Every structure is written in C-alpha cells, then in structure tokens.
Amino acid sequence: MDFNILVGGAAGQGVDTVAKVLELTMKKQGVEVFSHKDYMSRVRGGHNFHMIRFADRPIYSHRESLDVILALDSKTVEIHSSQLSAQGVLVSDESYRQKISTGNALWLPLKEKAVEAGTKLTEGTVAAGAVLHLFDFDFETVWPVLNSLFKSEIFEVNRRALEIGYALTEPQFKLEFPESQPRIMVTGSQAIGLGALAAGLSFYSGYPMTPSTGIMTYLASKMEDAGIVVEQAEDEIAAINMAIGASYAGARAMTATSGGGFCLMVEGLGLAAMTETPLVIAEIQRPGPVTGFPTRTEQADLSFVLTASQGEFPRMVTALRDPEDAFYQTFRAFNLADKYQIPVILLGDQYLGDYYQTIPPFDFSALTIERAIAGEEVWKQPEHYQRYKLTDDGISPRLVPGRCGTQVVIADSDEHTEDGHITEAADVRVAMTQKRMQRLEHLKKEVQEPWVIGQTDPKILLLAWGSTAGPVREAIELLEEDYSIGALIFGDIYPLPTKLLTDLAPNVTMLINVEQNATGQLASLIRQEALIACTHSVLRYDGRPMSGQYIADRVKEVISSDERGTE
Amino acid sequence: MDFNILVGGAAGQGVDTVAKVLELTMKKQGVEVFSHKDYMSRVRGGHNFHMIRFADRPIYSHRESLDVILALDSKTVEIHSSQLSAQGVLVSDESYRQKISTGNALWLPLKEKAVEAGTKLTEGTVAAGAVLHLFDFDFETVWPVLNSLFKSEIFEVNRRALEIGYALTEPQFKLEFPESQPRIMVTGSQAIGLGALAAGLSFYSGYPMTPSTGIMTYLASKMEDAGIVVEQAEDEIAAINMAIGASYAGARAMTATSGGGFCLMVEGLGLAAMTETPLVIAEIQRPGPVTGFPTRTEQADLSFVLTASQGEFPRMVTALRDPEDAFYQTFRAFNLADKYQIPVILLGDQYLGDYYQTIPPFDFSALTIERAIAGEEVWKQPEHYQRYKLTDDGISPRLVPGRCGTQVVIADSDEHTEDGHITEAADVRVAMTQKRMQRLEHLKKEVQEPWVIGQTDPKILLLAWGSTAGPVREAIELLEEDYSIGALIFGDIYPLPTKLLTDLAPNVTMLINVEQNATGQLASLIRQEALIACTHSVLRYDGRPMSGQYIADRVKEVISSDERGTE
Amino acid sequence: MKEGQSKGLFDSDDEIAWCPGCGNFAILTAIKTALLELNKRPEEILMVSGIGQAAKLPHYIRANVFNGLHGRALPPAVAAKIVNPELTVIVHSGDGDTYGEGGNHFIHNIRRNVDIAHFVHDNQIYALTKGQASPTTDLGQVTGIQTKGNLDQPLNPLMLALAAGASFVARGFTGRPEHLVNLMKEAISHPGYALIDILQPCVSFNKVNTHGWYADRVYELPEEYETGNLSRALEKALEWGEKIPVGIFYRVEKPTFSDRLSWLTDHPPLVDRVWNPQDAERFLTELE
Amino acid sequence: MKEGQSKGLFDSDDEIAWCPGCGNFAILTAIKTALLELNKRPEEILMVSGIGQAAKLPHYIRANVFNGLHGRALPPAVAAKIVNPELTVIVHSGDGDTYGEGGNHFIHNIRRNVDIAHFVHDNQIYALTKGQASPTTDLGQVTGIQTKGNLDQPLNPLMLALAAGASFVARGFTGRPEHLVNLMKEAISHPGYALIDILQPCVSFNKVNTHGWYADRVYELPEEYETGNLSRALEKALEWGEKIPVGIFYRVEKPTFSDRLSWLTDHPPLVDRVWNPQDAERFLTELE
C-alpha cells in the first residue's frame, strides 16, 4: 500500500487545515505518512499544495504520481491533473469541472454542501470528508483530530461538514494497516528545535527568515515551559552576536537563519571562532542568489558556509538528512561545539525543514550533555586564568565569567595572548593560529562517515548530502534491481569524511553526484578534499525537491547517455 | 647597488616623515625604491618601522638584511640590530647606546642637535641628514623634498636640522645612479584608486577599515578635481548597497574594504549578481579571523570571497600582484564588470596596499572605457524593455533608468521574469540560472594566464598569487642558479586559468604553493579546479610579508627535507 | 495632467500578490494618484524597495524599479538619486524593513538628507514572514514568536526621525486616502529626505491594529498646526493611543546632500559625466 | 570599600596603547573609581566592547572582558546579562562603534531595556582608523576622507536615545572626572539600559573639539533640573553649541527585559540552569 494525495488551492483557502486533517487521521490510524508542502511567498492567492503520501512501510520521500487530487480551485485541476495515475481520483467542486487527461474526476457539490453544513468556509472540511471516505477511513479516528484542530466554536460545524462530505463518496482504495508501531509525526524544523531543547539550549536569538522561522516558532512555543529565552533580534547581526554573548556567559546558545541572514552572520561566525565561543548555527537553505525563491528548496549554500568569514579557523558543518537525523545531529552539535569551542553549522533546507514524516519517537535515554566547562581544578589555581592557554591538544580549559571564583574570563576578537589581551607578536600569532587549526585535526577524527545505501561495492555510486537522503534511498530502491548501484549520503560534510569514499570510488565505473543545486557543490568539495572527480551529475535547481522517482529517472538517463557515449 | 635602510620608532615619533624624506630623496636621485611599512594598530607608542630599499635596478620586494638602521628609540635597536649586515651602520641617539651584535653603531647626539636646530621635534630630521650623508646624497635634491613635506612655518627649522645631521656623518656607501628613467612612486592603494579614476569611477562609497582606507583617502583627495562623489557610509552594508544603487543608476561605482567589512558586504555581493548590476569591490586583506591583526598582511580571504553569498552566480576574482598590475587590473575590472554585468572582486592585501615602489608611469594612452550600455536600438523598440531578456550569450542589453526614452528599468533581487518581476515559475528559474551561469563560461575565456617567472619548463614549480609576486620573483632570482625552478603567479584567480598550470605541472617533480596563509588556499582551489595537488607548501601567517630571501630559504629547506625524505 | 498622461499611465501588468482587503491597495492607489497629479511620467520615477509585502509595491506600478534586499532600500535609493538627480526617487518599505533590519540606514540617511521620499507601510507587524513582532508592534502583543507577548517597547518612528534631524516628517493612514495623496505630493515635492509613516492595516496578521482600531483614533492635525516647530513636533509625535494624529508633523528646509557639493550642482548629473581615461593622467603628477 | 577591596583591585597588567593626553585615560580612572566606590569586585564585572580606541578600555581594567566586533558591543552584552543577571555588565564603545556601525543595535537595545550601563567615549571622530568623520562629527569638519568637509549633519545621541525610549540618558565630560564618576555610579545602579555619552577629547585626530573647546562650553545641569520629564529632557538635549549641558537628562523606571519574563525572575539564572536531555522528552507528546 502506498498512496499519494495532493491537496491544492490558493493561499488562504485552508489548504493547510485540510492537509492537517488528512495527515493526522492517517497517522492516528497507524500508517506511515510523508507530507510535503509546496507554497508561494504570499499570504493569499497564488497556488499552494500539499502532497500527502501514506503507506504501510516507512516512506522517505514525496512522489509525483498522484492517487487522489483534492482541488480547492481550478488552478489545482489545471496544473496537477496530468499527475493523476490511471486509477486516480480527482475530487473538486463541480464549478471547476473541466476535462482531465487521466484518472477519474468526482465533481462534487462541495461549496453547496459547505453552506449546508453551516458556512462556506467549511468547503475544505467537506472535501476532506469525501477523500477520507474514498479510503474508508474510520470515523472514530477522525473526531479527535478534528477536535484538536478546531476551536470549540467551530468544531461542530466542521464535524457536520466532514460527515456531509463523507457521504458524498464511496470507498475506492483499499487500506492495509501496518502493525501499529509507536510513531511521532515531525518536521525537520521541529526536530532541530527539540534536539536543541534536549541539548539544554537556554538562549536562542534569531530573526525571521523563511524557511528557518519554523525552528524559532517551535522554540518560542516552549519558552516558558522549558524556562528559556527566545528573543527576536533587530537583525541577523544582532542575532548571532547575542547568541555568542549568551554562550560566552555560559548558556547553550543557538541561532538559525537562511542564506540571506547567514550573509549577515558571517562576521559573527568568525567572532565565535576567534573568541573560541561554542555556537550552533542552523542554516536552512532556500534558492538564491539573494531573495531568490523564499519558500522553496535548494542546496546551494554549502560552498558558502564552508569558507564564510575572513581568515582561517576550524568549523564543523553537518548536513541534516531527515527529521530523525536532524534531532540527533542537532543534539550532538551542541556537545561538539562545547568540546572543541567552535562554531558548528547545521545545514538544512526548506524541504527538510517543512515536510512531515512519521518516524519512531526519539530516544532520549542515551543522550548525555557534555559541557566541557572546566571546574575548580582550573579556577582555584593561584595564577590568573588564561582563556587561551596553549595546550598540547589545542583546547584551552574554558571557564564561565562569574562562575569561577575570583578569576576573570577575557575573550578577544583581535589576535591575543594566552590571557586574552591584544597582541601584535609574530610568535604568538603563529602559536594561536596553530592552536586554533589543531582542532580541525580532532574534528577529522570526530566526523561520521556517510550513510551507505544500496550495494556496498557497487559499479555505480551516487554521492549526495543532506535532505536528498530520503529521495536517493527511494531512487536506489527503484534502480537496485537493474543496476549495481549504491549511494553515500553525507551528513558530516566538513571536515569531509573520506574513508568510505576513497575505498569505494576506485572500483566504480560511474560516480554521480546528486545535488539540489546548479554547480555540484559536493562534487567540488570532493575534488578539493579527496582529488576524486565525479563522472556525472544529477542536479536540480528549479526550487522543487527531487523525488526518488525523479532521481531514478535522471540516473537512468545519465547511464544510457553514457553507454551511448562510449559505444 | 642594493641598499636597505630601516627607520624605526614608536608611533607618533615621526617615523613616517623621516621615511618620506629618505624615499623621496632617493626617488628624485633616480634610484629605484621599494619602501615597506610595518606598523601597529595604535596611534602613539608601540613599535613601527619602514624598510626602505633602493637600488640601481628594479626592486620587487623588501628584504630583511639591513645596511642602515635609523633607530629613533631603543626598541628599534633591540629588535632590529641583529638584522644589520656586517658592513651595516646603526644610527641612533647616544642615549640608546647598547651592545649590538653585528655591524657598526654610530651613537650620535641626535636629540641634542635637534634642540640646537630649534626644537626636539626635529630629531628625526637630524637623523635623516646623518643617514643621507652616509650615502653621500646630493643636498640639492633634498631641499625640494623637504619643501614639499613641511609647511613653510617649520621648513626652516627642519632644513637646519637636516644640515646639522648631515654634518654628523661621513659617506660610507657608494651610490651608483642608474640611467634616469621616468618613474612614479606609488602604493597599491593609490594605484587602485587611480585605476578606478581612469576607468571613469564617479561614485565611491566605503567605510573606513585598515588596510583598505588608503584607497578611499586617495579618491577623496580627488573628489572635487575629478567631479565625483566619495561618500563614507554608515556601515559596510550601506557602502555596498549604495555602490549598487549608483551603478544601477548608470555611474561606474566601487567600494573597498578589508575582510571584516567584506563579511558585511556578502549579501550585497549577491545582490549585484542577482540584479546583474556591474560592481567593482576591492578586498584588501589583513590577518583574521575577525579583528585579527588590523595593520598587518595576509592572503587568507581567497576561499572566502570565492564562494561568499548564498546561491550560485558568476563572479570574477583578480588578485593584484604589484602597484602596476593593480592599476591596469582595476581599470580592466570596470570594463569586465560592465561587459558581463557581474561583480568583480579585486583582492589585495596590506603589503600591496601600503608599500611604495618606483615604477614606470602608467600608460593611459591604450586605455578605453567600454560601458556596454545599450543604445537607442534597444530602447526605441515599441515593446516594453526587458532587463533580463534571455539571449543566446546570456547577456541582456542593459539600459540606464531615466536615460532610455519612455522605457523603464526593473531590477529585482527575487527570482524574476525577463521583465524583472517576481516569479515562482520553475522553468523561468532554470532559464535565469543558466543565463546567469553562462557568463562564467565567457569569463573562462576572458581570464589571463598567470605570469611565468624563471624557467619555463622547470623541475620545481612555485605557485603563488597576488602580492607575493615580487618576493617570489626575487626568490627565483636567488634560486635559479642552483635549481631548475620557475613560478606561476596568478592574477586572475577565478575562474582559474588552468592552461599553463596543466601544461607545466605534469613535468615537475616538486609543485610548491607559496602563500601568505596557514592552509594553502590557492592549493585548495587548484585541487578543486584542476585536480592537481601541490607536493609541498611554503606558508607564512604571522602577519609579516615574505621577502624574496625568506621564500628562497624556505624553498631550499623544502627541497632538502624532501631529498632526505626520499633517501 | 501632462500631455500623454492618462489614468492608466502608472498601471503595471504584474499580478498583485496581496491579500484582499490589505491596506497596501490604498497606498498603491494613492501613490499612482499623487504621481498623476504631480504630472510625473513612469520613466522619471524610480521606485526602490527592500523585501516584505510593502516592498512588492514597486512591481505594481509602472516605473523604474530597484527591488533590493530586506532592510536595504535606502542606500541604493539615495545613491541613485545622487547619480541622477533628475529621477524622482521614492522608497516603499515595511516597518520591519525600515525600522528593524534597516534601522541604521534610516537614521543615517536622515543625516544625509538626499532628496527622496520615503513611504513606510507601517502595519506594526512582519507580514510577509507571517506575523512576527516588528519594531512598532505594541508591547505585550502575542504572535507566533512573541508567544508571551512582545517584550520590547515599540519604537515611535516619528520621534526617531525628528531626533535624527529629518526635515519632513509625516504620518498618513490608508483609511484617509485623499489626505494620504496630499501628504505624498508634499513629501515628493519636499527638497531633501521626506518620511511618511503610513498606518496600514494588515488583515491577515495584525488583529489588534485593524482598520477600525486606527479609524477610531486617527484625527488630522488642524490647519493651525505649525509645522516648523521642532519641540511642538516632538510633543505631537508622542501622542499615541486614544488619539493618533496624522498629517505633517514637521517640515523645514535644510541643505540637501547635493547642495553641499558644488560640483554636483554645477555640473551635469554623474550619470551623464563625460570621461576618458586620459583625463585621469593629470593625477600622475603628484606621484612623480 | 568591601573587604578585599584595594585601590589597585581593578588594575590590569596589559600595556595601555592610547596616546599621552588622550581623554580615554580619564574615563579609565573614572570607571575604576566608580566600581571601587560601588564596592564591586572584578569577577562581578563584565566589560563588553567593540573595536576602536574606546573599545580597548576593557583590556586596561581587571574584569571579565568580551571584546567583540566593531559596532557589535551591545548584542553580546545584553545577552550575557540575560544569561547571568548577577554580572554587572558595562559596555564601553566609541561614537563610531555605537552610533555608526552599531546604530541599529543602539536603538533596539534601548527598546529591550536590559539592565546594563553603556559608556560611549564620544570623541566625535573615528580615532583608531586615523581620523575620519563619525556620526557626531560637526558638519563641515575637514578630515582625510571628508576632504570637502563633513557632508552629513551630526547625530545628537541624547535625542536619539530619548526618542527611542531610553530610561536613563546622561552626558559626561572627561574634564569633569568627579562628576563623571557620579554619573557612572548612577548609570550602573539604574535598573535597565543606561546611556552616558562622554565627551572625550582625542588629541591626535580631533583638533576642533578639544579639551579646551569642551571645557569652555560644558556646564552641569543644575540641582533643580527635573530628570523625570521627557519633553524637558528633549529640549535640554537640543542644547549644543555655545553651552553644552552635562548630567542626567532623563531618568525614569521602566520594566526591564527580564522583568517581563516571569521564569527569568523566579528561577535561578540561565547560566545555572539544571537540565537533562530527558527533561525534553515531555515535548514529544504533542508530536504523537
């Protein structure tokens, strides 16, 4: 069982609510859900849609072919009906009636019935009822969902609307329910936020920027309960500098933004590095340059964040691969930032940030916070504390101001002496540079090798990173029967873990980087770090996420064009 | 003939003026001069010095070994006397008398004689007189220099001081005067400024930041004469956005900064690219991260500027190699920015920006301004003008608002249609991305191959970029007799010109990148772009520029360690 | 109207992406009317904006447009005006754009006093990003991020502009379109930087400061109100709450940026500057 | 003095890099005196600064120091205070640092009203970068970059702070050290953001606003001056030229940032927060 429903309409038509009703109902029934949202940078009008896929086994990506279309406007019919599978059903108000090329259309009196239910605003709920009945969903699971979504004043009218809608259709698809497993349904943004909360984040400063705002919204909703501060800064420069100040003062601190805001954080990134203040920054990518496509997805900021800020310093960059990964890696980022006193950048994107996926509940039991803040053994020493003490491993014991007896903690953005004062000495400069860079060597040992998907000794090796993990996994499933194929999916990406790569690459005939950008930024990094060149690329840069099917099709094209080429 | 004088003292002691007297006198006598300044980030006190080298043939770099030290304080004696050559002479006030390890000391009554001349403030001038006599410089050339440097009120007392100082010493070095050639004495900052003026710059906005401020100061001094606007912005964000607005409106515009300011310009860089507004940005590097060493030199922002800003777009990066190169490349940058409607980044550093060098006067005769702004043939068309028209070569005819009849010019930072309005269409996105990136292909043809120095088919090939050009040239001269050695010095660095590199690299046994940074950023770029790995590195990152001798010594070390390694 | 003027002269063919009922429509109509009444033509106008709902306005009017970065409308606007003073330069930006992200440019461009008009669509909210507090959002107002109410006391944009030395400071309201048109005409005609903070209801995200909320409070500064008195203007600007004055709070003539540079006023605009590389050769002399 | 207090308690062993005669020395002495008189100890103090001559001060006093980026002293300072309210947080920054590069943080941190003291060394010049105009440099003053005189009218920092809603606004002068010490003590003790703009002669780069120039003009606000009246304060703040008032222009009590967040005032400081990953497990429920 693997179904795919598209709910489409204009912004402000309640597409989100209808989608929520469907998603939550399915989740409650115990099926696996993957729900991806495609929306425009406007509040009303335009064309937005959700694709809600559900199955009796884990789902890793959206897919294009549709079993049901719920069209709240005629644009949805026009744009999407060609995606309908042969057995697919389009559900829409009769007023939008038109010819569709595949599948079956149910032109229903949705608007009329909505008025009948009590208000035309319930059109979406009527439609949701109609769709739920197509799948023969159990009413008993729908009520609690409705209850949680609608305020009591409007619950009744929506309940009525749903019932009326339900009556409009007959079951057409057969549901199979998997064995019920404990599941949460979560977006990447929520997972990052919860990972940070678990890690003991107590200070978050940020400035709204799509598609990163979800993280801040999530954290802000937990502000009082978790007893933390979530503060909207006047700009991104303030956001990162506040986070750094909070971290210096001893809090676990974080900021998040998208590429445009990250531009404004670049100097702050260097400040965290130079002052050796731990910091976690989530950069949730959207298509650029600059304003670009504010609500869409891309992976084109990798090269940027790798070398952002003047001068040279160690940083760690981890690409988040799915909500589950996002949770654990965000948690880990705080420990690593503290351990090495460095900035850690988490790279996400709109796709990862916004899609909902059912996954097993996060396991908190094995998580441990490691602050790596020095204790009395350091601050009870009679000598003045040296914030930047030169040590064998390049890591200076860190103290927190006001929490270390009569010692003081001196942090400085100039080149500095061990005790944190401005210096111009050449030898100190060399020692401090080496001390800073030495931590890159530690990080090289710390980084995790990429996920291996598909065959472990394949002839065709795909290389991907971040949120394409799921789609690539599905692509491999689709290709595996016909080809000797596998994939490496990088999470930790800088410093680049190269062991698996250098093991596998020499034996492959095709090395294909699969990236959501135009220039192949992972491939560039791999050339630079491992002197290995990809033979082919699958790139997408129109702001729409690649599905498993999309990748599989493109990989096939590449394979066949190559065979032709070598004939 | 090749002499090297160091003038050292505390900030505020007049070291600059003494150095100026010496530099200008030498230049007027027709010898070649290379004067490098080492100064601290403070206004008074500390330790600053100039190294003034002069010879009867062109000089490309400073050197460490000294023929004369003019010490205005005891610190200068302590720090530098070991650099004195065996025949060298140290000139200092008798109050600073101490043992020196090499050379000869002249402990003179400089302070006393200054008071005798009229005021103790003339101590430096007395000392300058003493030094000039050591070289038997002609008085007649010194007066006009003094005249140009001192306001009339203090000219007389300084003249007296100079005479008194002159009388304190006897000639010790033999000057040989080269055949007199027309020469200018210029810093990199001035050369950049003058190149921009020649190119028709009419709007400069910037924010003070060492070591880039020299460019702005130079341009500001020509403001009225050239009839241009030089405006100090409230911050670097404003500086770049103003320059972009001015360029959009039809002016040739520029901004300059150092790494920290460039951080704040990163988003603006993307804006120039996305709106296809020509822009020239000079990034004059200093050691980072962040505040780092404000007044010192480094080449550690290359990786940063290569990929700064989110998303993908073409940019051109040219490293300036010496003041002469700086002039011509700055001029060219404006033409290229206009031709391809892109941002062009000029990479300099404190060394290049601040040293004075005698060079042949710039040749203005062959320079032509190419604005590439479309004419009536475009704006007299009846259709609405499309700022981002899709064309075969990816270049849309550019018009200037208010100068194109009844047409209007619509520039946009979102993804846009051909007419400049916001779009969310996938196909437009793809077309616009390709259109933007297509210009990178043009640039690949436009870039100039690196300078070839030394042997053209060497066994040992040095790779360098930017301001180390001169020092590497001197190093090659020092090494050439003993080794089969040559160098490629990159000016245009992105897109990377790879022809010479890929021709030469396969035949060398040692490929050594010589860079003023800790991680070898050129080497990284070459790995990425040409899949060629350097075998060794010579890196310096203590904020002090490499001299020819320094490089030669380090290269020799590398060679011998390697032979040992392969034994 | 000039010859060739027509009611649709400033119409753009770009589709409007605002919500039905949004206050921005009134601003769009007002600016078109003001420009028509001032006998302007599209090619004489340069509309500059940042990012936000307000910042989309330039697309919806036929004119030269520079739609730049969030918070950064003013720097390109003033530079373009310096380069080509013949352009009528108008900035449209949101309260977040102007007073939040762009706050530094706001105070410093008041100092610069370049001859532009600046119309801030002040809906007291970040609308495009779906409803976070802006610098003018009321204290305590609850939003998706200010879950415990807005913690930072709101800015008073008029106070700030007056304090920074602006020579034209006004407030308008989308509910008084004719008044707004007049303000716009005055602002555009004012030599130097002219600010109108326009109260603009956002029907989607600001459920506190609605059209009705404003309409109940807004009153026009009386005829007798003297616009040349700074202390008076500061006092008036402090008035906010039960009663909200609209109109011109302050207007004086101050030298503009270009007035201070003789070679800008005496010469053709920089955009028309004639220059050959050889003209720069004279600067070699001092290096010889 | 507290037990363990001694005159040298706040002495740093870092070498001072200012010019002889610089006004900054008086500020350094004043702040040390103020802290001693307030019975503070070095480890209780956090000095935050940006970049500039002023911004070097934290190195010259024994205290916790965060010497960050040019223009960005305030954001880390307020955040550190929020995280650990037990720290006495003091920002030292230059006029360029504060009102130029950092202008946006200045106005918005006034809104935030975190309990810190902010001492601006206002020498009306960019000193560390060798003498360019700052936002407070006089109109027409000639510098290496303002070769035709400064074109932008100066900001009045006190006006700006008042307009932005500051609850403590003062001006000091290095030539009146005792008065300055008192101002500093008041500012440090004031709950919320407290600004002192300190007139600080730069002997190397500002040859206009010299010690003598200030000394001739400066007078202290009289005892009777009421500090709680905003209109009065605005009027006083406009006074600049022949006579320059120093003292506390305005002081009222407003809720601070932390006052508005109950869980900050009721709980131990964030720096002492006890938290296990498992404490976050409860947030899973809503995702189920």
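We just call them A, B, C and D in the order they show up, numbering each chain from 1.
The rule is simple: a residue touches a chain if its C-beta (ideal position, glycine included) is under 8 Å from a C-beta of that chain, and two chains touch if they have at least 3 such contacts.
Here the structure is a predicted model, which is why all the values come from computation and not from measurement.
Engineer: Work out the mean Cα position per chain and let me know which chain is farthest from subunit C.
Structural biologist: B
Engineer: Using the touch rule from the top, work out which pair, B-D or A-D, shares more C-beta pairs.
Structural biologist: A-D
Engineer: If you average the CA atoms of subunit A and of subunit C, how far apart do the two points sit, in angstrom?
Structural biologist: 37
Engineer: Could you put a whole-Å number on the gap between the CA centroids of subunit A and subunit D?
Structural biologist: The separation of the two C-alpha centroids amounts to 41 Å.
Engineer: What's the distance between the Cα centroids of subunit C and subunit D, rounded to whole Å?
Structural biologist: Result: the chain centres lie 31 Å from each other.
Engineer: Could you list the positions in subunit B whose residues touch two or more of the other chains?
Structural biologist: Answer for subunit B, listing residues that touch two or more other chains: 40-41, 46, 223-224, 231, 234-235, 237, 260, 267, 271, 290-291, 294, 412-414, 422.
Engineer: So which bits of subunit D are touching at least two other chains?
Structural biologist: Counting only residues that touch two or more other chains, subunit D contributes 17, 51, 69, 100-101, 103-104, 107-108, 135, 148, 151, 261.
Engineer: Would you tell me which residues of subunit A are touching subunit B in their complex?
Structural biologist: My answer: residues 40-41, 46, 237, 258-260, 262-264, 266-267, 270-271, 273-274, 285, 287-294, 296, 298, 300-301, 303-304, 306-313, 412-415, 422, 424, 426-427, 429-430, 433-434, 436-437, 517-519, 524-525, 527-529, 531, 533, 541-544.
Engineer: Considering only the defined contacts, which subunit B positions touch subunit C in the complex?
Structural biologist: The touching residues are 182-186, 190, 194, 197-200, 202-203, 205, 222-229, 231, 233-235, 237-239, 241-246, 248-251, 253, 267-268, 271, 275, 331, 361-362, 364-365, 367-369, 400-414, 420-422.
Engineer: Where on subunit A does subunit C make contact in their complex?
Structural biologist: 12, 40-46, 207-210, 213, 216-217, 220-221, 223-224, 230-232, 234-235, 260, 290-291, 294
Engineer: Touching subunit C in the complex: which residues of subunit D?
Structural biologist: Contacts found on subunit D: 100-104, 107-108, 111-113, 135, 148-149, 151-156, 159-160, 162-165, 230-231, 234-235, 238, 254, 257, 260-261.
Engineer: Which part of subunit C faces subunit B closely enough to touch in the complex?
Structural biologist: The touching residues are 14, 17, 41-44, 46, 48, 51, 56, 59, 62-69, 72, 74-84, 86-87, 104-105, 107-108, 261-264, 267, 270-273, 275-278, 280-281, 283-284, 287-288.
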